[in-house]
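Can you keep this structure in mind? I'll have questions shortly.
Order as written gives the chain letters A, B, C and D; numbering starts at 1 within each chain.
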C-alpha cells in the first residue's frame, strides 16, 4: 500500500510528526475556522468544463510572472518559522521550489537568513513584507531584500492586527525561544524585535506591525524600491483597483489562509 | 491547555454545571429547533468582504444608541430567571455588561429587583416588557422602570402565546418555587401572578400575557412613558414600517432565539 | 422524562411495536426513498415570516372544505390496511379525527367496512378511490360510498402501477391473509379481488387497478356521482388545470408519500 | 430477507467478491473522487415532475438508436478488462445486454475477442475506440470492428492522458499478466502493445494513446469507416457542435465516470 500519493497524505504525515504547538500553528485558522474550511471546500465546488480534442501532447505549464520565468503556474506562499518543522527550514523549501521549477515567497518571519534562501531558490524568490511601526526597520529590510536578489515584494495587508487563532491560545503557543526570525533580526539590531517575538503571532504582530497603514504607505513602499510591489490579502475588486492606482504591480487574492479574519470569503469565490 | 477561549467554551462549561431542567430551559428552542440551529448557522454563512489599508489603529467600536453611549455595538439581550444559573443572577449580568462597556436589557421575568440591576448596570439598562392582560400591572411596571432609570423599553411582540418548548415538556420543567420574578411581583401585589409562575414558561405566558395586542396597544404603551419604546421580535420589513408609524423608536430583529415559532427565519437572513 | 411529546415520538413508539413487514410497509417509500426523505426535509426549509401585533386571542383554525366544516385545516390522509397496526384499524382513526374536530379520508384498501368508519368519523369522511380495471366494481364502490354518507371522492392518479417499494421486497411482504380489504370485497362479490390481495401492494395494484386511465375516465367518474370529485397525486400546475377542466372539484398535491415514483418533487416545493 | 433487490445491492455484493486491486480499479475515480461522487449525487437532485392520467398500460420503452432497435433506452457503457471480474468477461455482458433487449459498447481494452462478444450481443454492439499513436493499429482495429458487425464506433476523447487514479496508485495496481487485451492484440501483432499493458491504466494510456488528437483526427477516423462515429466524453455544448461539424453522428455526454479529470461536471448537470 503506497501511503504518500497526494498532498493530503503528505500533510497528514507531516502533521503527525510535529508537537501540538507548531502543528496547530501551521494547520489552524482564526476563530471558528469557518474560512479555513471554506477555503478548501470552495475549490471542490468548482467544475472544470474541459474541452476535448485539443492536442495536449507535451503540455507546457510554464509562464512568466513579473519578468520571472517558471515551469508551472504555482509559486510557494510565504509561511513563518519553517524551522519548527525541519532544521533546514526555508532553505529546504527554496530548494524544493527550484527543483520543481518554480519560485518561492519568503516570509518576513523566516528563520533562515534571506541570503541563504535566495541561494537555494534558484528559480526565483519573492519577499513577503510586514510593515513595521519602525519605518527604519522596514527600509533596511527592503534594502537587504533587493541586495539578496529577490524579484518582488509582497506586502501583507490583511494582518494589521494579529488574527485570533484559538488553537494557539489553547496551546499557549509561543514561537520557540531557540529559533530566531533571523532575516528580520539581522536586518535590524533593535532588541525590542527579538523580545517581542517571544510569544504567539498575535502578540508579536500587534506589538511590531503597523496597523495605521493606508494607501499612502503603499506609495511610500513603492518609492523605497525598484522591485515590483504587490499587496497580499485582497478579497475585493475595488481594493485591487486602488492598489493599481497607488503603485502596486499586482494583488495576491488571499484571506491569509483563513488565519486572520474568520468568515472572510474564500479566494475561489472572489476570484 | 486553555479550556475557556471562546463563547462556545463558556457555554459548554456553563451548561455542564446546570441540572437538566434549567440547562434545557436556557439552551432549548421551540418544537424541532430548526430555527434555533439556523439562527447560528445563518451567521456562519455570511462572508465579510473586508477592506485593506484603512488605518485600523486604535479602533473605536463605540456608538450611541438612543442617547446612550456604549463602547462596543452589542448589548446584552434579555433572558428570564437568571438566578437559576447563579445566585447573583441579573445583577451579575449587569455588572459584567458595565465592566465591558455596554448596556443590558432586563427581562420582565428577572429574579433580581430592577433597582438592584440598574445600580449594577452603570453603562445603561433597558427593560424588556411583556404586556400583561392586566393593564394595571403593565402600567405600574412601566412607571417603576422609569423611576429606576432605565433608558428604553423593548416590548416583546413575538410571544403572544408561549412557545412549545419540547425540552421543557420532556423535563416537566417549572420555574423553581424558590425563585421569584421579583421585579414583576414587587411592582404588583397581585397574587395571581406569583401563583401562575409556578409552571413552565408556556403555561405562565398563556395565563398572564395579553395575546390580543395590536398596533393600537403599542400606541397606548408609548403614551404611558417618556422613554423610547422599541418592539422586539420582528422579522418583516412591513412590520418594521408599521412599528415606526405607531410610535416605536426602533425594532429589534429577533425570533426570540428560536424559542417561539419554529421555522421562523434567522435574523442574519432577514436583516 | 415525558417520552411522547411530538409526532416523531409517537411514530417511533408505534413503529417499535410492529413486526418488520407492516412497519416497513407503513414507513417505507419507493426505490431509494429520495422523495420519502425530501418530503419532510422540504418542509423544514420553509421559513414562516410571521407578522406581529395581530391579536391572536382565541385563534380559530376552523375552515370549510367542500361544504364540510372542520376545526383545523388538516384532514387525515388515506392509508391502506390499518388493522395491521391495531385491531380497531380505520374505525379508531375515524374516531380520533372526529375527536380532534376534523375529517378523514378512507382508503379503498381499508380493512374496516366503510359504514363502520363513517359512523365513527362524525366530522366528515372522504373516500379515496382506486379505479379498478373492472368498472362494475368501481361503480358499485362509488354507489356504496355515497350511501354511507361520504362527502367527497379522492381519485388516486399517481399509482397507475404499484410503486417499487424495496423494503417490502426485502421483507417478502404480503398483506396478512387474516385481514381483508373489507370495504372493497363487500362491495363486490368477485373472488378475483380477494385472491389478488394475497401479495404485496405492487402485485395487487398491477393486477387490479386500471393503468389506462385518462382525463376522459375522470369525466366518467364525475358522471357516476353527485359527490365532489378530487384527484390525488398531482405535482404539476398544468395537471391541476386539466383536472378542473374535466370535472374535478380540486386536486390533492401529493406524491403518494414518496411511495410511487422516486425523485418526484416534494409537495412543499411544488405548492 | 431478499438481499439483491437493486443495483446498489448487486454492486456491493460484486465488489465484495473481488480482491482490492480490481475492485478499486472498477469502483474508483480520479484524484479526490469529487466527480465520482457528484456523478451519482447529481442524478438524485433531479426531480421528475410526472404527469397523471396518461394511459400507461403496456408501456413501450423501445427506441431506435442510429438504426439499431432496442427495447429500453439504456445501453451498456464500455469498461475495460471485464475478465478480472468473471472468466466470461465481456461475452457475459453482451449476453446479458441481449437478454434484456439492449445493446452493449465494447471497450478497446476488452479481454474477450471482439468477434465472440459480437456473437453474444445479438441486440447490437458498438465499439469504443482509443486512438493509438500508431495509426496502423487504429486502422486495423476499425476494419476488424466493421467486419465483426459492430453498429457504431464511439471514440473516447476525454482520456488523452491516463487519469490519476489514486486507489490504483495505492494498490500498485497493474492489469493482471494472465489477462490480455485480446481484441487489441489480435488486431495488431506489435509486441509493444502487449508489453505496455503490463501496468496501470495511466502508464498504458500515456504510452499508447495519442494525446495529439484534434478535430482533424476525428475527420480522419470518419473517413476510415462507413459506420457512424460518435465521440464519448463531452461535457460542453460547443464541443458537441464542433463534433457535428467534423463528421460525428453524435456525442456521448460523459466525464469517463469521474475517472479522468476530477471536478469535471456531472453528466446530469451539463445535459
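Please note the rule applied: a residue touches a chain if its C-beta (ideal position, glycine included) is under 8 Å from a C-beta of that chain, and two chains touch if they have at least 3 such contacts.
No experiment lies behind these values; they were computed from the predicted model shown.
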Strictly by the touch rule at the top, which chains does subunit A share as contacts with subunit B? none
Are the two sides of the subunit B and subunit C contact the same residues or different ones, given that same means over half of the numbers occur on both copies? different
Where the CA atoms of subunit B average out and where those of subunit C average out, how many Å apart are those spots? 45
Taking each chain's centre as the mean of its CA atoms, how far is subunit A from subunit C in angstrom? 64
Multi-chain contact sites of subunit B, meaning residues that touch two or more partners: none
Chain contact graph, described as a line, ring, star, complete graph or other shape: ring
So in the complex, which bits of subunit B are touching subunit C? 31-32, 34, 157-158, 160-161, 166, 169-172, 210-215, 217-218, 231, 233-236, 238-239, 242, 261, 263-265, 269-270
Which of the residues in subunit D come into contact with subunit C in the complex? 1-3, 5-6, 44, 46-57
